[in-house]
Structure formats: C-alpha cells, structure tokens
Amino acid sequence: MAIEKVGFVGLGIMGAPMAANLLKAGFEVTVWNRTAARADPLIALGARVAGSPAEVSAASEVTVSCVSDSPDVDLVALGPGGIIEGAAAGSAYIDCSTISPAVARKVAAALGAKGVEMLDAPVSGGDVGAKAGTLAIMVGGDADVFERCLPVLQAMGKTFVFCGPSGSGQVVKLCNQVAGALNLLAMAEAITLCRRAGVDPAKMLEVVGAGAASSWMIQNLGPRAVRGDFAPGFMVELMQKDLRLVQETSAETATPLPGAALVQQILRTLEARGRGKDGTQAIVDAVASLAGD
Amino acid sequence: MAIEKVGFVGLGIMGAPMAANLLKAGFEVTVWNRTAARADPLIALGARVAGSPAEVSAASEVTVSCVSDSPDVDLVALGPGGIIEGAAAGSAYIDCSTISPAVARKVAAALGAKGVEMLDAPVSGGDVGAKAGTLAIMVGGDADVFERCLPVLQAMGKTFVFCGPSGSGQVVKLCNQVAGALNLLAMAEAITLCRRAGVDPAKMLEVVGAGAASSWMIQNLGPRAVRGDFAPGFMVELMQKDLRLVQETSAETATPLPGAALVQQILRTLEARGRGKDGTQAIVDAVASLAGD
Amino acid sequence: MAIEKVGFVGLGIMGAPMAANLLKAGFEVTVWNRTAARADPLIALGARVAGSPAEVSAASEVTVSCVSDSPDVDLVALGPGGIIEGAAAGSAYIDCSTISPAVARKVAAALGAKGVEMLDAPVSGGDVGAKAGTLAIMVGGDADVFERCLPVLQAMGKTFVFCGPSGSGQVVKLCNQVAGALNLLAMAEAITLCRRAGVDPAKMLEVVGAGAASSWMIQNLGPRAVRGDFAPGFMVELMQKDLRLVQETSAETATPLPGAALVQQILRTLEARGRGKDGTQAIVDAVASLAGD
Amino acid sequence: MAIEKVGFVGLGIMGAPMAANLLKAGFEVTVWNRTAARADPLIALGARVAGSPAEVSAASEVTVSCVSDSPDVDLVALGPGGIIEGAAAGSAYIDCSTISPAVARKVAAALGAKGVEMLDAPVSGGDVGAKAGTLAIMVGGDADVFERCLPVLQAMGKTFVFCGPSGSGQVVKLCNQVAGALNLLAMAEAITLCRRAGVDPAKMLEVVGAGAASSWMIQNLGPRAVRGDFAPGFMVELMQKDLRLVQETSAETATPLPGAALVQQILRTLEARGRGKDGTQAIVDAVASLAGD
C-alpha cells in the first residue's frame, strides 16, 4: 500500500525545498516550523500546516525532519508536543538532520518502543541539491523500513545508500565531513605553500587537480579560493558544527582523529575574525594567516 | 633544428622506462647509471653507455636526469665528472627528480653561468606512467627552453604544465605532495572512524567517493586500504622523503604547514614498524593503531 | 557577623574530605549526596544530612558544591529541589566543581536574580590536597563576596587567587589544564625520543628537570612514567573531561588551541585501550604506541 | 697527570665566555675562530691564537669546540685543516655544540680511528650561564674520558650528567628541546585562552605557576610574554634549528613526535613576520595570531 501522507518538520534552507519536492511528487504534505511564517511558500504549493510536530506525525504515515543539531531532533521528536506524541504505531520517522549517531540511536529506541520505526538519513549536496532533488542520502535503520520509505526518499534525492542499523547514516555522514575537512586543509596548505614559494596557484591547481592528489575540493573550491570568492556553498560555522559532532563521536568511540581536530582549530581562526558565514574555502585565508599573509 | 641526441642519467624504477621511451621515440640516447648493470636492458634497445654524467652531457643536446634526492642531483650535475663538465654551451639539462626547489635553482644558476639551460621537471604518475609514457610533468625554467625541449618531454609524458621560472616545477610537485598526503590522512581518519563506530567502511567509501568529500585517494586507495591490500603504488618511504623536502621548503619560505607536518609524524608509525616499503594507503593502519586497533 | 552554617552538596573523592575539613574548622555543616550512604562518615563527624540540595541551602549561610560536570552543577543548583529553591537572599553559593565558564555565569545570573551570590571556585591539588586542606582555589565572582566567604575557603584550601568576575575562576582552571596537558605531552615525547635513540630516560629527566625545560610534570610524573607506575594522581578520563570543557570554551571564544586539541586525541589512544582510569602519566605509553612500542 | 693545554674552536656568544672561563681556571688556551677578530678579547686574557683548528688541536691535550650546527662541527673536526689533522693520539675532543647525534657519532668514529677520544657535550643555560660558568652539560662518550676531562668541564659549567655512549649527550639535549618547545606552547595557549575569555593572564600565571601545571617557562617567560617583553633569552631561530635536529633524529629513529612538529610550524608564524631573533616567549604572539589577535 503506497505511502500518501508525509509530514515535514523544519523548513530551513534545506527543509523547505525538500518539502516542496515532496509536494511536487504528489504526496499530501503536512508541515510544521518553529517560525510559522516559513511555511507560507509551502502552503501556496498545497501543504497543510500543523500546530506542532505531534500534529504533523498524527496526520502522516511518514514524518520527515530536517533541523539543525542533536538537541533540536531530541526536542521535535521526543519533547513536549513532539513527533512521538502523535505518531501511530506502524508509522515511520525519517530524520535528515546531521546529528550525533548516539542521539539518533536514542531517539530511534524511544520511538521503537512505541512501534514507530526511525531512519537516520542525513543528506549531502547542499541547498542546490535540496532544490534540484539530487541529494545523496545515507541511511541507517532497518532495511525493510528503508525499502518501504524509498518513494519518500526518491522524491528528495538521487543517490541512496543503506549503511546499516540505526545511527549508521549519521556515522557515514560524519566520516564524510572528516574527509571533506581534511581535503579542505590539503587544498589550503597546497595553495599557501605555492604562493609563498612564488608560483601561481592556478597553475598548481591545474596540475594537482589532474592527478593522484586531486579532490573535489581542489577541483571545485580551489579556483574560488584562489580568486578570493568566499561565497558560501557550505558555511564555515556549519562545518564547525559537524566537526563538533565528529569529536563527540570520536570521544564516544575512543577514536583519535588528530587531523580532524587540527582542521577544527584552524577554522576557529575564521570564526575569530567574524567569518563563520563564509564558505569553507575561506580556510585558505586561515592557513595564509598562519604565515602572516 | 630538431633535437636528436638525448642523454639520460639515473636508470632506476622511473628513469629506466623513461629512457626506453626516448629510444622508442627515435632519439639517439646515451645513458649512465651508478650501478652500471642497470644499463644493460637499454643497451639492448639501442642505447650507448657513457662512463660518467660528464660523458653523457658531452654526447647530448639535451641531458635528462632522474635520481633520488637533492644531493644526488647536486652530485650528478655539479660534482666531479658531473653533467656541468661535459655540457656544451647552448645545450639543455632537464632534471625529472623530485628535489628541493632551492637546490634546483642553485644547480640551474651554476649551469646557466656556463651557458647551459636547465629545466626542473618533476613527474607524477609512478612507474606505471613512466612505462606507458603518460607522466604528468611540471616544468620550471625558461619558457623558450621549455618549448624547445617539448619533443623530449613528449616522449616521456602526456601532460605538461609550464609553472614559471626555475624551481617552479619543484614547488608545484611539493604542493602536489602536500595535498596528496593530507588527502591520505582524510581517507584514513574516515575509514577508522567508520570502523570504530561499527559501520562497513566500503559503504562509506561508496557514498563519500560520490560527493564533495571525494578524492583520488578515497576512490583509488580507499578500497585497497579497506581490504588490507598494501602493495605499493607509491611507497611510504618515498612520501616521507617528499614530505621532508616540503618541510625544507616550508622552513625556507617561513610557511607553516601543520597538516603536512602531522601526516609526516603519523607515517613514522609505519616506518617504526618496518613498513616503509608499503604503499601509502597503509596510513590507514597507522591511524587505526592510534585507536589501539 | 561570622559565617556559622555551611552546606555541602556532592560528597565524592574531593567533596567528602572538603566537607570534613569544614566540620573540623568548626562550621555547622549540612550535607547532601545523590548516593546517600556517602554521607555516613560525615555524620559520624557531626554533619547533618538534608533531603535535597534545596534543604541544604535553606539551612546554610553559604552552600558549597563539588560535583562532576556542567550539567551536574546545573541540576543541583537550578534543577528541581535545587539550591536555588532553598537559598535565602543574601546567602552565598560556592561551586568548587570544574565546569564550563559559560555555565558558571548562567547559574550565577539565575541565583543573582534571587539575591543569592555565587562564586565559581574550582580547585587544584587532587584528593591529597582535599584531605590535607591545602588546595589551591581560583575564584571568580564579586570581590566582596570573595572576602566574605574567605573563612569557608580557608577551611578547605591554602592558596586563594581572586581572578575576576563570575566565570573567571573556571577560565583560569581551564588554562591550568591546557598548560598541564601540554606539559604532559612534552614529558611523553621527550621520554619516547630518548628511549628510541637508545639513551636512559632517567638520565634525561635528571638533566631536563634541572633546567629551562623543566616542569612539575617532568619532575613528578616523569620518574613514575619511566618506571611504569601508572597509579592515578589525576585520571586520564578526568583530564579528557576537562579538555572537553576547554574545547567548549575554545569554541565559544573562537580561540584556536591546536596543542590542547592534539593532546586530547593522543589521550584517546589510552581510552581506546581501556586505560581511562590510569594516571595521566600513562600518556607516555600513548606516545610510545605511536612509535610501535 | 693533569690537563694543562686546552684548545677552543668557535668564539661566538657561547664559545667566547666559555674560553674565557678556561683561561680564568688556569689552563693554557689556544683558540681559533673563523672571524679572527673575535679572538682579540681572549688574547687580552692570555690566549694564544692558532691559524686553523688543526693547529689548535696540535697544541692541546683537550680541544673544545662550540659552533652552530652539524655541518660546522663536521668541518672544524674533519674538514681541511680540521682538528683531526693536528690531534695527537691520546688527546681528547669535546664538542659543546648542539648537533645531530648521528653526526656526533660519525665524527667520534673518525677521530677514534686515529686514537682521539671525543665527548659530545652540549650545554644548557644560555650566554648568561656561559659567562657565569654555571652551564649544565650533558655528556656522551666514554665514561673514562668523561672522568679525565672533568676538570675542563668544571671550568665551564656547574652540572655534569654523563648520559651514555657517543651521541647520548646530543640525544638528551634534543629531548630537552622537545620538552622546552612544548612547554612554551603550553604557556602560549594558556595565556591566549585566558585573554580571549576575558581574564587577566597575570592572575592565571600566578595560580598555574604554583601548581601541577607549572613549568620553568610559565614561571620565567610567562610574565615577560604577558607584558610584551620579547628580548631574547633564547632566540626563535635557534629553537627552530634545534627542532630541525629533533626532526632529523625523529626520522632516523622512526619516532613520531606530533607535538614537537606542531610547535615547529607555529614558530614559523614568527619567522614569516621577521621575528626569528625574538625570544622564544614570542610564541604567545604566534598563538594569538591564530585567534586573529
């Protein structure tokens, strides 16, 4: 029996276009957002508005959320008026926020005790991917639930990888951020050394981007960093939030991650200069400032 | 007037196939190697053997070298019986070793004083690329000399980027190694966190390799690292040699590179365990050992 | 008018002997502990037991607490049945826990709104200093309140430094932990290099401990580390808790602390091996394990 | 039979006062310096001047040297006109420079083959200690030679620790620099966090300097750093030279030293700003600059 009614909690930069894509895909969508006015464009597209996350889940077979951080998921899922209060046994909850795997597991366990299945399903691809419906989605939870919810995921994204039991989607997302953060540092140190040694970094990016030291960051953010374009694809302060989650998981699993910890400290240089809302390619300025540039 | 006579000094894993490609391209090739027996396969292909680098350069319009490190270039170029002793004014010298930019400039200046032009032309692509003639070559020196020597370079590689004045090729190569080293650490920390958090790293590599945190290392060495295949594409001890050159240039240019310095220390863990001849993907074991695995 | 009635909340390894010293100094002491049985030895010394932190503060002119972490202080001070519910306007609250400066300020503000003055007063000196009454106490808050509460502090410690407004005591304690953590790493890297270079580390500690590279750690923990005595003065897991607070404050104040972040990662190696309850001198084993020893 | 004739090679900031102290102790002293004029003040004190290190050693039972770096020792000991050419079998050579343990061993072996015994005897205590004759001296070599040369060492220093066979003195000196460098970073991160969290760092140094996180650096250089006094006790560029030797030995012994490597990079920030001749306490400015201060 096909899913018809989908709820959406959290209509931010990511959530709003994801909910819009659910509407376009033909689902009946009920939404809720802390700041109610953000629901208006979705109402225009046919969404119904609920008065609380509990009302959203009461009206939905599958409720999706996309909020900022672990405590926000805790609140909208398990807090007063939360999803848990309205969700019927047999319904499902998909959280697309990037949060701590431990919190994802805790919320899943609480919902599971009431017969509600949860998938942790953080996304990658930014607001561009959210609008285009081309997000990559990493999913943790029960494989059958993943299969059942696939139509909902397909309305929002393009790539879906089932990673394992509850929390696995969040783990993979954090690994993604570890790799991305260090690839950023790689780009920044290469550019800084190149400049200080008197060579045009654009030449360097051309060569490096063609070989074994290449990365998405080198190819895509390197040229922007070199020409001083710091408009955000992904903001420094969001990377810092994710690296904080990485350190929480590093602590919980006793996993030393000296490289990720180093990037976190270097990005603080940007925050100290009020540049938390720059794109992550601004790391090149943080590394340059180490050299007094 | 086309170049006909090319010399080659240093017939190691890289140099031997590069010299063979020069022969295949129709050049008259004179070779020299410290260990004379390594010249035998090239003699079979038509090479002449000289008794010293000076004899090589005396017989050649362009002399190429590919040796291990800065002191080796210093020796074969400027030492007793070195290239400088035989090279005629107007001839050219192309060094394809990866060495210190400062040493490249010093050797270029010494040769320049005798009317011999030098290009620093480190290569990327490994022994596979050397055999196939598909190396990427980063070139520093005089642009006219680069143009003039292009037929020689074309016999050995496929991509040629002129990076700027003498030493620039080496600078770009070191930037390449900085980026590559940190991309390796990115791969290793992502795999280690994934494993310790209980998720299959193959799943993670699949997702990460498809998005903004991807890199050549994630895509090519990640799967080998995960299945414990540590056969060398590029050996740990060679990466360490290059990272030492990076630190020398970091010191000369007063460029702090904390990330590159960290990778250098982490790779020492492998050297301490006698694994210097493993491929660089073995860094995953170094990071895992931090976690007691 | 002299303070006579003092309350104490939190009778752990530090709190129990501190409360005992208050009794010995002649104060009337009312105590509360989550696990009630821990109050028994203090009852034997003359303490009264209350049923909640609120009952303690209702019975006391000055209430002292010594608990584990920021959320614990939040709970005993501001939670249900917390100190805030019983404390009379004009009474004072001294928190001797090591917690986040931001949480200290928040609790102080909440109490201040009810006319209750708070000092943040973390201590240094370990259980030995708590028993002997020789703790060093770093105090943040109002200078007059500090003066007024001095007799209470004098019963528990020997050195008192007033550091500035609310939160300043915690800031200074975190700075102390940053310095201590890096001094530990200094000791561990020196010992490891010494051993691997084939020299007796006891000789090294003798020389280094006498000169400009000396530290309390080198002099006191170095010899224990060298002879493999890992009995805790201060446990690895407590240092990790404090370094987590350091990173929280590093994030709030946008202060890059790459050294402190590195020590945190290296200590994880010990936690990964189940050695979180070893003394911090075990860091020498973490650094040695980097070298495969 | 008592030693009467002592030679001294290298009359720099350290060497000149050390040679003066040998004269004051009653030895007949023959000196040599690359820049001859630096010998004049010693001639006034009774020294004889030789035309080369070989002439010094030919005139001396024990020859002492104090030069800058490994290649300098190599040159004055083994180069043309070097100590080895003049030294009689049975005479001794004491090198007080801070150099690579491997080079110390190499020089000792070369001299040993001619029957000349060598001690590596790097010193600690700065120019103040050199003048006052209060240097701490760490000695590697043969224990009997150490005993025999003790009168010479006693004229120059106050503390003497025999560390083991040839090279051991240098190893211990490098361990000293590892510990000192990290203690410096400890001081700098503590001061920076303190300032950015709004607390007077002088208060912090007072407390920290009295407890388990104290160090010579905190007690002696901390107050100077806080008041912006960057006059050199020990210059940044000399610490960098020693940290380079540390990394060479780290590489030779496959010993990962991530902390020492990090300090090296942070000190480059000062070199990039032309502050290599500031005292090492200037590291506080390097860490502050990470925070944009």
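Going in written order, the chains are labelled A, B, C and D, and every chain counts its residues from 1.
Basically, contacts are C-beta pairs under 8 Å (C-beta built on N, C-alpha and C of every residue); 3 or more make two chains touch, one makes a residue touch a chain.
Remember, it's a predicted structure, so these values are computed and weren't measured experimentally.
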A-C against A-B, pair bridged by the larger set of C-beta contacts: A-B
Far-end chain from chain C, centres as C-alpha averages: B
Chain centre separation (chain B, chain C; CA means) in Å: 53
Chain centre separation (chain A, chain C; CA means) in Å: 37
Averaged-CA centre spacing for the pair chain B and chain A, given as whole angstrom: 39
Residues within chain D bordering two or more other chains: 196, 250, 254-258, 262, 265-266, 268-269, 272, 290-292
Chain D-facing residues of chain C, complex: 101, 124-126, 136, 138, 159, 161-164, 167-168, 171-172, 174-183, 185-187, 189-194, 196-200, 203-204, 206-208, 210-218, 220, 234, 246, 249-250, 253-260, 262-263, 266, 287, 290-292
Contact set on chain C toward chain B in their complex: 258, 265-266, 268-269, 272-273, 289-293
Sites on chain A touched by chain C in the complex: 240, 244, 247, 250-251, 254-258, 261-262, 264-266, 268-269, 271-272
